[in-house]
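You will see chain A twice below: alongside chain B first, and alongside chain C after that.
Moving on, here comes the complex of A and B:
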């Protein structure tokens, strides 16, 4: 039985290019569907069609039809589809309307005019289904990212829709928060038979429980089918799937558990590439760095040294003090302890929108160059490094989240700071954007710069860091080479768990080439 | 065994408190009395603030109120000139065009004008402070549940709009910080740069919230076309009656005007009732108005009454028109009447443990 039916859907935003091209696809009742594609490929637009936000809220030119549980979005507004399809945003903050969780969950039921007794029972059921009964009286603003997203999902499924549509629900969460959300979705699908349709970049968590993958490119479906078949040729596939594709494993593994049996077979034993230990001029040295908010120590007695060529990845859960550490290194918060800066520092905040105000990407970079009187040629260099050249004449706010993040980095980097501090730079980034970021970081450090990256992304740390620092409650609890710190960690990169001591696919490629020579 | 806890008071109780406090500052415009009310408002926020973003924005409300008050004093000082007043100093002056009233802008800056305007401005600050305090302690969701269903959508939009105050303050902070880090603290053009970013962030948030509301059934009406048509018909009758009232007043037909006014009032009532029927929404777990809420609301409402009675008995002046730097009069009984407003701050409930 079909839950969501896309019938020859094409769509163009007002004054924009075509976002969807002749999409025809049926989503089966009770299935889990992954929508894949690079930033700007039309994933969000397709998902927003499922509950009529496109075209009713967006405007634009829409042809074809989407039928959800027998209702056409052409004749039904999103508010008239609440009881058949729930929608969850990328940013859970955007979801909350009421100042306490229980009331927010009941919001859709109040709007639909459900009887108070039935409403009470439904809210209790939803609280239990998502495992958030203990959060019922909390203000959503006080919740962690994972808790917020689970509450947002609760609000979306309160009206018992047959389908739930989620737009990158874990992109802004730490690994634990993302795991909680995915576990909740699995429960909804397995226990309640809820149809789930979602876009996601962190595929290692969701690929195993998806029934169908749809891959979009430039607004058109270029492949669809069983996830294993689609992910084999997809750049953003989980790293173990890419490894399986490289080594010819069959069936392709989607997670570490599925990859382990292949390792039992004879596979070339890998030896790590030489670890680069930067030992150039010291650009920044912080000693006994402590930041206190009211009475809480956000950063506690941290020592850190940045040399030419250093790339330090700062890991830790949400609230561990990563952002505060970066802001203190940038001189933006009061601190105790000493910071000796021998080079200019550039800081890129978590939210790229804080930095974007020009009308084009190039103008955005030119603003920094003009303000700091830096070298004009840096604009093209950084546009190239971050793969933004083709976007240079677009409005920064029209770009996807990952693209905006890269523009923000470029806008700071063109000022010529030797030290770049990047706060969660891979939030919402697709594989290609992340590769571009890794290349840019490596290029900057290779030219004598240094980079500090606060991130949850262990694969990013493995790919480009020369050292990894782990924070917990503001304290530094680990500091060393990526291999030393990540080996044995519960959040180690999947490749390290499958083929230790390889951290990245490049380690394997290096081995392969050395064996050949 | 019992333990004392601070109860969450009902929105209606806080509404009664806010209205009483506002009446008090409008009646007792003496600066000392007004400051007492502002301090009570701050105390209520301290004791009952919900800890959410809008509660933390109470100082922002005060800051905005002070800016507004200073602007008002400056404008009064530049435009208010009374013969015989004491001039502090003289500024260059020019006359505004007749279309703007032909006022003289500048010239003598007079002490009496500045002091009187300042006394009035304190009242404005107090009213905004009361509004800020009310927003900090009241549950907007509970308030929305209380209003007639016909106004719920409008109410929700206003409630959400209020949350933009603290989020905009936070956006200004983060955008300024990002700009400082990017440009090394260069101030040239910062205002315009940050303004655009803050504005765009606010618009993005508004659009996301609009999508969320729409996705979750906000504005869903179901099969209520008939009730909607009735509400619109009542509204049309009310508009015609209001127009007829105006025409009757112009023609000095006071009886007809009164009749039309009654019809307009009834029609508006009918529109609200029909509109509420048209809205299919229900209420989730509305909180009861308990005995403690009733007591606190009554005590707070007693404040302006006590104020009026005390003033008439003691003959103490409630207003203060300063002509020189002098301490305003202070009457202890009037001050004690205002202290009735402090009742919510000390509301305590005993719970069995």
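Moving on, here comes the complex of A and C:
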């Protein structure tokens, strides 16, 4: 049985180029579908067609038809489809109407005119289905990201739709929150038979339970089928899948568990890159750094040294003090202990929107250059480094989350600080944005700069850090080279588990170049 | 009730929007053609105008909703703008004049005349509540401001093709004119209240049309002209100085208010239907 049926759909936004080209695809009832593609490939547009948000609230020119549970979106507005499709945005905050979890779930039902007795029961069921009954009386503003997103999903399925459409539901979340959300989705699909259609970056979690994946490029379907068949050639595939593709493993592993059996076979020798220990001029030296909020110690006696060429990744769970450490290095919070700064410091906060005010990307960078009287030529250098050149005349707020994040970094970096402090820079970034960021960090450190990155993303740490610091309750519990710190840790990136001591695919680079020759 | 509401769907919103200037003209111009004594100000008729204006405002919004021409995002944008504009009413500009004009004019120019009217209604009502200025004058203020918003919206449709600098100059000039026009009209609501004062600028219901106009003009120049002039200058200065970024920001969300959707048939000879 078909749940969502795309029939030769083409669409262009008002004043925009074509976003979808002749999409024809049937999403069957009870299935899980992944929509893959780079930023701007039309993923969101395709998902938004499923409940008529495109074209009814976006405007634009629409060809073809999407039929959801027998209703055409040509004649049905999003509000006429609330009982068949639930929609969840990237940003959980965008969902809440009522400052009370239970009330917010009931909000949709009340608008549909459901009887109070039935509503009462439905709210209970939805709270249990998502495992959030303990949050019922909380204000959504006080919840963590993963809890917020689960409450948002609860609101979306309150009207008992047969399909749930999610646009990168975990991209703004930390790994723990993301896992909770994905686990909730698996349960909805397995236990309630809810059809799920989603765009998602964290494929290692979802690829194994998806029935169908659709890969979009420039608005057209370039490949579709079972995830294993599609992911081998996809940039954003889980790292073990990419490894399997490089080494010709069959069937392609989608996660560490599936990759393990292959490692028993004779595996290629790994030639890890030499670990580069920066030993240039000391740019910043902090000793016994302590930050106390009221009575709680957010950062406790941390020593940190930044030399020319240092890239330090700061890992740790939410609330471990990562952000506070960065803010104290930037001089933004009151601290005790000593910080000796021999270079200028630029700080990029977690939320890129806090920094973006100009009307084009280029103007955003130019503002920094003008205010700090730095070098005009840095604008083009940083646009190029962060792969933003093609977006330079767009409005920052029209960009995707990952692109905005890069604009914020560029806007700080053009001021010419030698030390860059980046707080969770890969939030919401797709594979291409992340590669651009890694290259930019490497370029900056290679020219004698230093970078400190607070992140949950161990693969980012593995890819570009010269040393890794792990914080727990504000204390430094580990400090050393990425390989030393990550080996044998629960944090270890998947590649290090499968094929130690490889940290990134580049450690295998000379392997497959020699194979090809 | 439901069938009544669904029958509303068939009324073109233009009817409501056209009724606004008609009701407005009637509400304001009666001192020029009425010849009966004894209506002490608006104590007798204010409620009629209040009811009519409220009906128009509610009717316009209800129609927009029923016809689904307004999205949830559109209502949110309108709500935010209305509360901002309403709050600006507290701000008295240097020399006189009200802070709400510039935002209303810019928002209407960016978002169109329908939005201008709805925003004026909502903002003036909100401003009235905020400043404690709810009284028989409120419907008159709402009507007059709605007309200011409507014309700003129509003007904005024409000026949107100009360069930003030129556009803010045109809108600034409109703000200058609008301050006098609003002042000229709004004083009419309570001018007849002063009938008994016996001076030569007071309303006298026994005068003919031409003499009434002359008397009113003397009253306006003596009491309100300088005040409105200060407001006019302030309006145009603010519009010219902040107009460009405000228009840019508002035009970015313009398509949210009433997205224009075109469905193209898939058959070979594609026909565009709005």
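Points worth noting:
The working rule: the second predicted complex is superposed on the first by the 507 of 517 C-alpha atoms of A that agree within 3 Å, B and C clash if a C-alpha of one lies under 4 Å from a C-alpha of the other, contacts with A are read in each partner's own complex, and residues count from 1 in each chain.
Keep this in mind: a contact is a pair of C-beta atoms (placed from the backbone, for glycine too) under 8 Å apart; a residue touches a chain by one contact, two chains touch by 3 or more.
What you are looking at is a predicted structure, and each value in this text was computed from that prediction instead of being measured.
Once the two complexes are laid over each other on the shared chain, residue contacts for A:374 go to neither chain B nor chain C. Once chain A of one complex is fitted onto chain A of the other, the partner contacts of A:57 extend to both chain B and chain C. After superposition on the shared chain, chain A has more residues touched by B, the comparison being chain B against chain C.
Of the two partner chains, neither chain B nor chain C is touched by A:318. After overlaying the two complexes on the shared chain, residue contacts for A:481 are found with neither chain B nor chain C. Once the two complexes are laid over each other on the shared chain, residue contacts for A:144 go to neither chain B nor chain C. Once the two complexes are overlaid on the shared chain, A:301 sits clear of chain B and of chain C alike.
When both complexes are overlaid on chain A, the residue A:74 reaches chain C alone and has no touch with chain B.
Using the contact criterion defined above for the overlaid structures, shared-chain residue A:489 touches neither chain B nor chain C, since it reaches no partner. Taken together, the two complexes place residues 56-57, 77, 397 of chain A in contact with chain B and also with chain C. Taken in their complex, chain C has these residues touching chain A: 68, 71-73, 245, 248, 252, 255-256, 259-266, 270, 272.
Contact residues of chain A toward chain C in the complex are 8, 10, 14, 55-65, 74, 77, 359, 395, 397-398. Taken together, the chain A residues at the contact with chain B in this complex read 51, 53, 56-57, 77-80, 82-83, 86-87, 89, 91, 94-100, 102-103, 106-116, 119-120, 123, 139, 141-142, 155-156, 159, 327, 330, 332, 344-347, 349, 351, 353-357, 367-368, 371-372, 397, 411-412, 415. Of all the residues in chain B, the ones that touch chain A in their complex are 50-53, 139-141, 156, 160, 171, 174-175, 177-184, 186, 188-189, 193-194, 196-197, 200-201, 204-205, 208-220, 222, 280-285.
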